[in-house]
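Quick one: the structure is below, questions incoming.
All chains are identified by letter, namely A, B, C and D, in their written order; residue positions are counted from 1 within each chain.
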Amino acid sequence: MADHVQQFASDNYAGICPEAWQAMQEANHGHEPAYGGDIWTARAADAFRALFETECEVFFAFNGTAANSLALASLCQSYHSVICSDAAHVETDECGAPEFFSNGSKLLAVPSSDGKLTPEDIRSLATRRNDIHFPKPRVVTITQPTETGQVYTVEEVKAISEVCRELNLRLHMDGARFANACASLGCSPADITWKAGVDVLCFGGTKNGMAVGEAIIFFDPKLAEDFDYRCKQAGQLASKMRYLSAPWVRLLSDGTWLRNGAHANACARRLAEQITGVPGLELYFKVEANAVFIKLSAAAEKALRERGWRFYTFIGGSARFMFSWDSSLERVDELAADLRAVAAESAALTAVAR
Amino acid sequence: MADHVQQFASDNYAGICPEAWQAMQEANHGHEPAYGGDIWTARAADAFRALFETECEVFFAFNGTAANSLALASLCQSYHSVICSDAAHVETDECGAPEFFSNGSKLLAVPSSDGKLTPEDIRSLATRRNDIHFPKPRVVTITQPTETGQVYTVEEVKAISEVCRELNLRLHMDGARFANACASLGCSPADITWKAGVDVLCFGGTKNGMAVGEAIIFFDPKLAEDFDYRCKQAGQLASKMRYLSAPWVRLLSDGTWLRNGAHANACARRLAEQITGVPGLELYFKVEANAVFIKLSAAAEKALRERGWRFYTFIGGSARFMFSWDSSLERVDELAADLRAVAAESAALTAVAR
Amino acid sequence: MADHVQQFASDNYAGICPEAWQAMQEANHGHEPAYGGDIWTARAADAFRALFETECEVFFAFNGTAANSLALASLCQSYHSVICSDAAHVETDECGAPEFFSNGSKLLAVPSSDGKLTPEDIRSLATRRNDIHFPKPRVVTITQPTETGQVYTVEEVKAISEVCRELNLRLHMDGARFANACASLGCSPADITWKAGVDVLCFGGTKNGMAVGEAIIFFDPKLAEDFDYRCKQAGQLASKMRYLSAPWVRLLSDGTWLRNGAHANACARRLAEQITGVPGLELYFKVEANAVFIKLSAAAEKALRERGWRFYTFIGGSARFMFSWDSSLERVDELAADLRAVAAESAALTAVAR
Amino acid sequence: MADHVQQFASDNYAGICPEAWQAMQEANHGHEPAYGGDIWTARAADAFRALFETECEVFFAFNGTAANSLALASLCQSYHSVICSDAAHVETDECGAPEFFSNGSKLLAVPSSDGKLTPEDIRSLATRRNDIHFPKPRVVTITQPTETGQVYTVEEVKAISEVCRELNLRLHMDGARFANACASLGCSPADITWKAGVDVLCFGGTKNGMAVGEAIIFFDPKLAEDFDYRCKQAGQLASKMRYLSAPWVRLLSDGTWLRNGAHANACARRLAEQITGVPGLELYFKVEANAVFIKLSAAAEKALRERGWRFYTFIGGSARFMFSWDSSLERVDELAADLRAVAAESAALTAVAR
């Protein structure tokens, strides 16, 4: 059943944005060579090179699970390990895909109160063991923005990449919502990636408004050797590639990618602003991208659901709201109003109970 | 560069058919739960159950390589082997994907003059070794229609499945062009699959006119246990699943799937009829689906390319022409005319040379 | 450099016990069919069936890492997960072998203060997630005795297997030091394994006094289907199998296996008794098998090393001493005396410092 | 049942040679650090470096299947392929282990009449496909001596390695019977390996007279990076490593390795000489190492079995006889006499039947 009223349970509940749709429509004329031999795929790769201001190597995969897993597998062997936050999507929500694609690389999840990795975390974990009885740390993966809706600053990424270089670790960035991070930071894509020491970026298209498709970007071309074979073998080479690549051409070239991210971020900020300081509504994490996590009483949470709102509570029991390219500001305001209302009711109830 | 004139090099050079496009457009309204929790995915599964007249289990994958590999991996362990024709796509064109997804299952490719497996081939190979130093045969895979454009009859599939049952082998059907086979046979999808003893079918959507997406159909629900986890881990679970599933709802329910297949087959027959008996043009395989393989002299082949035609010659050196849902009958006739012309020229040249 | 004075750093520093040596010598006459077709391997399997009083299926692997990993891989698929203690050898000291052999199964390590799993731990972890975005729990593995030198009672194993049955989980026992557990419990091997609900046991030969070799015992023969192929493919089928199997025949039939375990346990108890109640020497875990973990001050630890003792401190910073079939009681007493001495010195030093 | 009369069905039916046994016995005193930290393992590695006159990296695995598979896996990724002869042990008798350890690398088996690969074979196969739909050739493996008992000359190996260098392929040598090859060629181990362009050698200990154990030798240390982790993860790191390494120290330092190989070769030659020219007994392959393949009539084969001889007939239907370090010359002569007798009987019978 399609939602008749918009929900903010997840940003992949949204459909295809008009620009991506038009791009697919334009690409849908006549015949094109398959498997990326079409004109759109070449243009999309060029558009990424222009955006990142460097001669990066660009590949496309169907979804984020595959993009992350293939990228990580290309950076390590089965007896290596990958350092990540314990909130990382690769650890919590990809059903062991990184382990599968790499044939057994172990994820070393750092307990983290806010979902962010620090240089100290990495150093501590990477140097804890140095015997062959435990998988050798080889890669660090950070999510930008994090699953908790926070953004690593350029300085933070640089500090992480420095410790990576020192310890001979590669740095991967899971950018399922990379556009939101760029919109939030106001920096260039180059600044927050290769100029800050990132080796490989997975740049999310699906959550940015496309039907399907993520880009995997190698800033060091040597790391991309034979990666096309890797994608093909892993069932990630689209025959009608143009439908994955044409939307990228459009979104990157006319700024839609950034506008979509900025809009979703603005919705999150708008919600945050309307509830900040309201008794009974605590922001669980800083709001820096398109997610808002709110700590509610059980009663308030229940009341909010009864008002028809759908949301997840998987991180720390807080209610998560995610905004997308098509989130309606009116609905954001309705949510804010309902949040304030249930918080007030809950407070009144508690006062009576005393 | 998009082709301004239509080519018949491959049937995945074609775009999205109008019905699939409309279905995506209809699905592109508002928000839908992700990962197959949407209304279209449920309807698509039901449409398959109606089409196959049985309570099959239905899953969706992004492409045929993944669909075949996941299906095969679910039927065997790493130390098992898969019997296939040496012309099978899983053997020749999936870059070792079946071995990768199964963590090492060996493909046992039967040399075949025409791309078809026979019960005798299977029996011979499956009983050749029975020691633990060689992977134990566990699955047979047949392509319907074959990569050579031929169709297994219901009787042929039954004969194969009988030997499979006898030898404790599972039967998988790679139906990347399953619609073409059904259109050619004029039989029901049930007759040529589970009623004939097929355990799992990969039903191709991409070559049938969709943007992306194949269906994996388990006729024995027990074999489908936890297959949803398998798809997720292998990076084959679409978040915006509706764009994969909605086209199936439409194509299966209004008969487009079969019409598209029938049209492509008709183009192949039309070409075959126009060149049958022409000196210097030999049909390399029987034309039973949407492919025509023509044995040409080197001179004729060269001349044909000079007339602007593009085609592959990978099987037995014959020129392959593949037709799709949008192949133009006029272009087919142009091809036939050019074929006759280059054959005549080549014959004249040879006569002179004598 | 061979130790001229015996150390208790690890129980695999010991050599081959006389009985195992003699068995190899006896087997080393003339020719024998390879790959387990010899007479010793058949006898060894029978000896296990006699010992466990059941028609179990028996296989041999070269080491414990392989035995555990192959057993776990046979119980789950790549998208499943394995519940273990965070002190489990499979998690901490097998370099990701379980993930490698299973092609990606995730280990879910339960934080444990003492290295033991409880039914509550299992239930909690197994029911925490039930969506396809996280690997489905399918197996529980317990180490008997644990890496902390403690033994699960028959009742404890039964309680664990009950929750396993309820939650559709298989139960694997890592018995790298299984003989020590049996000697400690004084129960029959059957009682603590299949009668208590264990599905598969890895029974350690190396730490029991052999050169190389572990047995993998399936109490449910259905679970052992094609396991011989699995071993072969994974490089775990010995060609001259008799040298792995003949020692088992001897050790199982004349009681050496149990005597060796009992001796090592007795050494551990002897050490524990001599230091119990000594100020500054705290037993970190209950001493129930062949390991003693002692919490020492840093000064005492340093002083002990200066007296020439070698030991590891990887669990909780406590000093670990492991005893084997050939541990010398005199050396145990020397260790006890040195421990008391360094504790007294350390206490004196601390008193002065005050 | 142990054979009371010696058979020549396989060279791994033999036991442990006296020198290897003594080495194990010497090593079986007191305690030694585990996992290769002992004195014997260091000495064994040094002995290999002395033998090969180069600073090679040396590792030990339990058996040849694992040694070959780990070596190949270290040379390629899952989407690469390995070129081998269709008679190669990795293709025919390792149950898909190379595919398993490499997570899916495809073996490309070249049909070969005599089991040897040629530079032309390699070039032809390696250049046949260069698209991403087929695994990219990355390694060539040759067996020295071949499974058919023939030896590659230094010139042949050099010619193969030259085409490998040209085509960016790595060269692996399966030396399960490497000692027999060296004894046959009369060249130094260095000449036939790294000086001829071999990257990695698996040097067989088991068939050379040991209980268990093969050495993996990397002539280019860069290729050995983290190979110790690979062995550990794959269950191939022995805890009591001294029992694998001490025999190598002895056999390499006192020339036993070569004497054992030479003896087995001499037995093969002795048999070959006694049957050469005998009507009805045709040598199927040149006898250059420790194997003799004899083409017999069905009647002669049956008669030979009735005289109590055991042998395999898996290559071309010829009877294979393999000799080992302990083969008895008297038994060789008995075999020769019986072969001549059954050939004569068979000829007489055929004459009568005419």
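Heads up, the rule we're going with is that a residue touches a chain if its C-beta (ideal position, glycine included) is under 8 Å from a C-beta of that chain, and two chains touch if they have at least 3 such contacts.
For reference, the UniProt names are A, B, C, D = L-threonine aldolase.
Worth saying up front: this structure is predicted, and the values here are computed from it rather than measured.
Considering every other chain in turn, the ones in contact with both chain B and chain D prove to be A, C.
Taking each chain's centre as the mean of its CA atoms, A is the chain most distant from chain D. Look at where the CA atoms of chain A average out and do the same for chain B: the two points lie 35 Å apart. One inter-chain figure worth recording: chain B and chain C are separated by 51 Å, centre to centre, where each centre is the mean of the chain's CA atoms. Rounded to a whole number, the gap between the C-alpha centres of chain A and chain C is 42 angstrom. Counting partners per residue, chain D has 78-79, 94-97, 100-101, 103-104, 132-133, 135, 229, 232-233, 237 as the residues that reach two or more other chains. Here chain C touches chain B in the complex through residues 35, 77-80, 103-104, 132-133, 135-136, 226, 228-230, 232-233, 237, going by the rule given at the top. Taken in their complex, chain B has these residues touching chain A: 1-4, 6-7, 10, 12-16, 21, 24, 27-34, 38-39, 61-67, 69-70, 94-97, 100-101, 103, 206, 211-212, 229, 232-240, 243-244. Those residues of chain C lying in contact with chain A across their complex are 78-79, 81, 92-97, 99-106, 132-135.
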